[in-house]
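Letters A, B, C, D and E mark the chains as written, and numbering starts fresh at 1 in each.
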Amino acid sequence: MSSGLELKDVTIRFGGLKAVGDLSFGVGQGELVGLIGPNGAGKTTVFNLITGVYTPTAGQIHFEGISVPGKKPHEITRMGIARTFQNIRLFSSLSVLDNVRAAMMTHLKRGILHSLTRGPVFQKEEAAIEAEALELLDIFGLADARDKNAKDMNYGDQRRLEIVRALATKPKLLLLDEPAAGMNPSEKDDLMNLIRFIKERYNLAVLLVEHDMKVVMGICERIAVIEYGCKIAEGTPKQIQCDPKVIEAYLGVAAE
Amino acid sequence: LSSCKKTDDSVINIGEVAALTGGTATFGQSSHNGTQMAVDEINAAGGLLGKQIKLHTEDDQSKQGEAGIVAKKLISRSKISALLGEVASGRSLEMAPIAQAAGVPMISPASTNPKVTEAGDYVFRVCFIDPFQGTVMSKFALSKGWKKVAILTDSKQDYSVGLTEFFKKHFAANGGTIVGEQSYGSGDKDFKAQLTAIKGGAPDAIFASGYYNEVALIAVQARELGVSAPLLGGDGWDSPSLIEVGGDAMEGCYFSNHFSNEDQAPAIQDFVKKYEAKHGAKPDAMAALGYDSAKILFDAIKRANSVDGPALRDAIAATKEYEGITGKITLDSQRNATKPAVILTIKDGKVVYTETIAP
Amino acid sequence: MKRYSAQIALIVALAISLGVSLVSDNIDAYYLDIALNVGINIILAVSLNLVNGHTGQFSLGHAAFMAVGAYGASIFTLEASQQLIPMLGGPSAFATGTAFLIALVIGGLCAAICGWLVGMPSLRLRGDYLAIVTLGFNEIVRVILQNTSGDGPFGGPLGLKGIPPHSSFFWVFALAAICVYVVASMVNSTYGRGFLAVRDDEVAAGSMGINTVRYKVTAFVTGSFFAGLAGGLYAHLRTTISPEGFNFLKSFDIVVIVILGGMGSTAGVVLAAILLTVLNEFLRDAEEYRMIVFSLLLIIMMIVRPQGLLPSLPFLNRKKKSA
Amino acid sequence: MEQFFQQLLNGLFQGSIYALIALGYTMVYGVLRFINFAHGDVFMLGAFTAFGLHKWLGPTFAAIPWPVSLALTLLISMVVCAVLGMVVERLAYRPLRNRPRLNVLITAIGVSLFIEYTGQLAFGATQRPFPELIPRTAIANTGGLTISIAQVVVLATTVLLLVGLRFIVMKTKMGLAMRALSLNPTASTLMGVNNGVVISFTFGLGSALAAAGGILYASLYPSIEPFMGVQPGLKAFVAAVLGGIGNIPGAALGGLIIGITETLVKGYSQNVGIPSGYSEGVAFVILILILVFKPSGLLGKVEREKV
Amino acid sequence: MLEVKDLHVSYGAIKALHGVSLKVPQGSIVTLIGANGAGKSTTLRALSGLIKSTGSIVYGGKEIRGLPPHKIVSRSLCHVPEGRMVFANLTVKENLAMGAYLQKDKAWIAKQTEYVFHLFPRLKERENQAAGTMSGGEQQMLAIGRALLGNPKFLMLDEPSLGIAPLLVKAIFERIVEINREQGLTILLVEQNANLALDVSNYGYVLETGSILLEGPSAELKANPRVQEAYLGA
């Protein structure tokens, strides 16, 4: 059994619309893979399939050898898959810090009754979690905003918080849906560095959906291209950039 | 913490709990009007024991829970010597233990559920109780030769449930047959389903033990469905709006009551006139009972020559053959009023007296 | 020591409840009654706030759980206490107290079980759909109780009477303090952030590893349990209960306290429970204008202070524990 | 068998009156996304307006044929209540426009209490007889089945309103604006929609429908009192949710289902030993059963949210 | 055409704009660039009346500050907001019809709808799909198309390239220029893709924490080393 994520002949239909069709690809351990394609190609849908928001009409999805479809989103997260949302979905009335804390709940060893004791063990655990959350926020330069409400942050910071929150679940595989959207080119540069950094630091595999080719080509080790829900190409950034099918469907003539 | 409010010794404080607003406000307002009239009269006549009567009225909004609170409020804040109310048995039951524990005599004008006065020797009532009224109507039906009766009960009202229960018991034990038993909840407007089912049993009469609000509509709909059997009921029917709403459909129906405002006895006509002058409508049974409950209290105060709890209690308990608007009232050992019931019928859009049935 | 301020506050609150209880005979019966109502309303509102405020599930049926608790506890007291008290060593304060506590807990558990039964299928409904289902449950409970036989254990439309007045200052406020402590502690922990996360965005919460169903059911069952306790206390304060007293309008009353206090703000809700209960007494003097004044105040309050009396401020949630 | 058909008819008419009230309820909900608990109270005001009108103009009305006086009464009361609804919206709801919906809900409860208790103060607590706007005579009495004119008028009005409302909401520009506004008020104002006007219109229309409902209801059940709107309001709410709240045909369907089942349970439960009083809970039992299996109501669209 | 002077905006206690002044001449494309949180979207929201502001906003010679949004739209000022804000449960067609809410000329609406379908063929394919179920990029297309149906004379675009595939980004920008040239539409463009924005625009402003930091003809800005370092990703 291979480790990492494995999709085999995955299909999903919405009514008459085949949003994803017979899609197969994988993400190995510690790999950074790009998933690109035109608008409406089915990229976000693939994320939704992997994370249990949708159940595939046909096909198999395995993570570390365990079948994913049919599992609830929270169970999948506990298996080690975390994601960000293209349309930002933070816990808008919670503070920045609490957004991260909520995501760390998965790692608590004790349940709700424990919080009623409020004893030393509990206090220690809470302190440790707060420290850990702050450390993550600090990596993304959000530690100063810890007490701000998530909904009062600007778009770019909300995107960063999405990533921090996903990381807080301690995933083995991180799915990023257009993380650079709404950032300017220099912010995108910073983001690329951050993604590389967290990938090494936390030993992550990353699946990245992004329309900014500079980001995709800059950090991905391998790229899959889909159109109308089907894979049309897969390879290294170099190969993809020169693939005529990809150029025609997606990149346009002169991809920088 | 404890209160140091000075009590006003120049008056006699009497408490009253009534539903002045909310779902059963129409009963509460009537009984309050009656009570208030009695108080005004006695004050105009110089009061009692050389003092004026001060009536403290609290509204319980027709809500469970409220009656108990205001009873406590009246007893501990207004320092009342006696408590009048409530019309509804459920709420009287809430007040009764409080009055009993505080040693304040309580007289309920119209709570007909037997359990009310079981709370203790300080709790009285001036109306007859459900078993009596249920039996009266059963006797009446049998005397009319109606052997097959259908029953329509308001399952939200303990009053209606109680009447039905005692009617059924007596009726079945004395050769009658119940040919259909249906229920509804107060506030309902559509009774066609129940009436259609009742129609199937071809009853000689229908015992509708609920309040007039629904009974008027029941009559209208029964006639619409072609059911012509007369309706029978209890004192809960007593209100001018029974005929206003029910109209022709009420013709030939019968109900038992504490008094008839058509009764030509001078005391009654005097009361009716005074009431009409003040409120622009004829008094209903609740008003008469409210009036009687206050008058019986005043009578007892006079006899006891004191407003002391135990003395007053004993005086009330000794009430005998008191000539009230609602009949000659004697309080029995269970502190319930034993008095006759009158049977009224609706004829040409008027409530007319038919007969009196003694206890 | 600051870390343990919650426990300290709880102990202080319990001690005060006991202390006041010992001298409660000297308190004016009416004022004492209002105080106890305040305490019961605190339990009802704080527990509903866990469901509506913190977890964002909109329940309009809290009075139903209160009813279940009230009937459960009362029936136990009326039917079983007599047998139980001798077993506990005769009619001592200890024995009656224990029997009462058992009755309350039984009421709470009955309510919690109902909460679970209703919650499991209906908590996947959203927003107003859940509201109407809980409201419907409320009405069903009332209708069932009302249509039972008058001689049966539930007493039909007249309900139960002659329930001994066991709800003393101690019981009411000790349980109110415990309720506030439990709800505040549940929410103010990393685990408890899950309730808030579910409220803000269920899909995102699921994707962050939060078992949303479990959280919703936990909130609902806990809320129901405390509503049941409050119902038991209410029954043993009023000494009579009837189905009509637990109709959906009673649920509205509790929702009003929660929203007026500030959704998700325990301190605000406690404050609102106190203010509204007391206001209700003050408004008695307005007589038939009472509800008109009340409704106008409600509308004006929503307009000038829509976030509630005390919007959910984390530091207040963390510190204020005593009732 | 004859009895069964009579019960079905009873249920149909009972259901059509629920449906009638539910239409207005669901429309207001569909646009404003809040449960207008005061709907039942506007319904009551509609009946009282008609009542007052007849007290005032009784002789005049008696002189003209009933369909004309009914139409006039309906029209005037609907206008009065529409204006009233818009005033309430202006004063109580508009200041809360961008607030959480629960606030609006509490305000609605406040408005509802206000109308009820002011009504009780103004009209008194006792029920009053409602004038016979529609002759209370039976039109059919064939085969033992009875149908009254009032019942037929109610059914016809319900159908008419159903079609009319659906047309307004689905086919007119105002309807489009109403739907857009319900989804995203910021975006709709960016399209040039005057949200205030649309909301006022919705409220006015909803209140007019409530008034019509109140009058027809009172014609069927000719006694009116200040709390008369509470129960029908609740039933209409259940009907609206049952059909899929915000969905106009759904509300009508919901009303019919509740009316018919309720009637059948009332009519036959006693036969199996269950007191018919339990029928009060029937609407809720159906509601819960249906929502458990179809969480968005019978005709409600499953709002699958794109993630 | 549009002149903004000393615009201030706060969100509660937070001040988001501290005196922004800018000019958008008739027929031009002006761009507003800046880091996350600089206040670009806030500026647009203030211009279209969605949030309260102080200062002055003069459009076509008249003060429009303080008018409600629908009044501002009726002066042909259209705003494609951040986050798209399509009407999720309405179909694509209905969304477009909402865009034309203030338009009376049916023939024009039909023509313009065809034009939008021509710009974004995907919208035509999905004309009966509920907008909320469309992909992110599809929704962005719809948002732009919807604004075009308002027959704007002045169009404010908040990050039109957000979430759009590269090929289409180019197409959209070409269209923007095309509409600007052919129909004389004045455009205020907020864009993170500063390179592209400066390429298509005549004049640019750089916004930083609520104030204008720099301004100038686009070509000059693009050559400015400070801009290059901070916003263009040297």
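Methods note: a residue touches a chain if its C-beta (ideal position, glycine included) is under 8 Å from a C-beta of that chain, and two chains touch if they have at least 3 such contacts.
Which protein is which chain? UniProt says A, E = ABC transporter ATP-binding protein; C, D = Branched-chain amino acid ABC transporter permease.
All values reported here derive from a predicted model rather than from experimental measurement.
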Contacts shared by subunit C with subunit D include exactly A, B
Separation of the C-alpha centres, subunit B versus subunit E, in whole Å, is 74
Cα centroid separation, subunit D vs subunit E, in Å, comes to 44
Chain-centre distance (mean CA atoms) for subunit C and subunit E, in whole Å, is 51
Whole-Å distance, C-alpha centre of subunit B to that of subunit D, is 36
Going by residue number, subunit E touches two or more other chains at 133-134
Subunit B touches at least 2 other chains through residues 21, 155-156, 183, 185
Multi-chain contacts in subunit A, i.e. residues touching at least two other chains, fall at 44, 53, 85, 87, 89
Every chain pair meeting the touch definition is listed as A-C, A-D, A-E, B-C, B-D, C-D, D-E
Within their complex, subunit E touches subunit A through residues 11, 14, 33-37, 41, 82-83, 122, 133-138, 140-141, 159, 162-170, 192-195, 229-234
Per the touch rule, the subunit C residues reaching subunit B in their complex are 23, 26-31, 33-34, 37, 143, 146-147, 150, 156-159, 161-162, 165, 234, 238-242, 244-245, 281, 284, 287-288, 290-291
Per the touch rule, the subunit A residues reaching subunit D in their complex are 44, 48, 53, 85, 87, 89
Touching subunit E in the complex, subunit A uses residues 14, 37-44, 86-87, 152-157, 178, 181-189, 211, 213-214, 249-252, 255
So, in the complex, the side of subunit E touching subunit D is made of residues 48, 50, 68-70, 73-74, 78-79, 81, 85-90, 94, 97-99, 101-102, 132-134, 146, 150
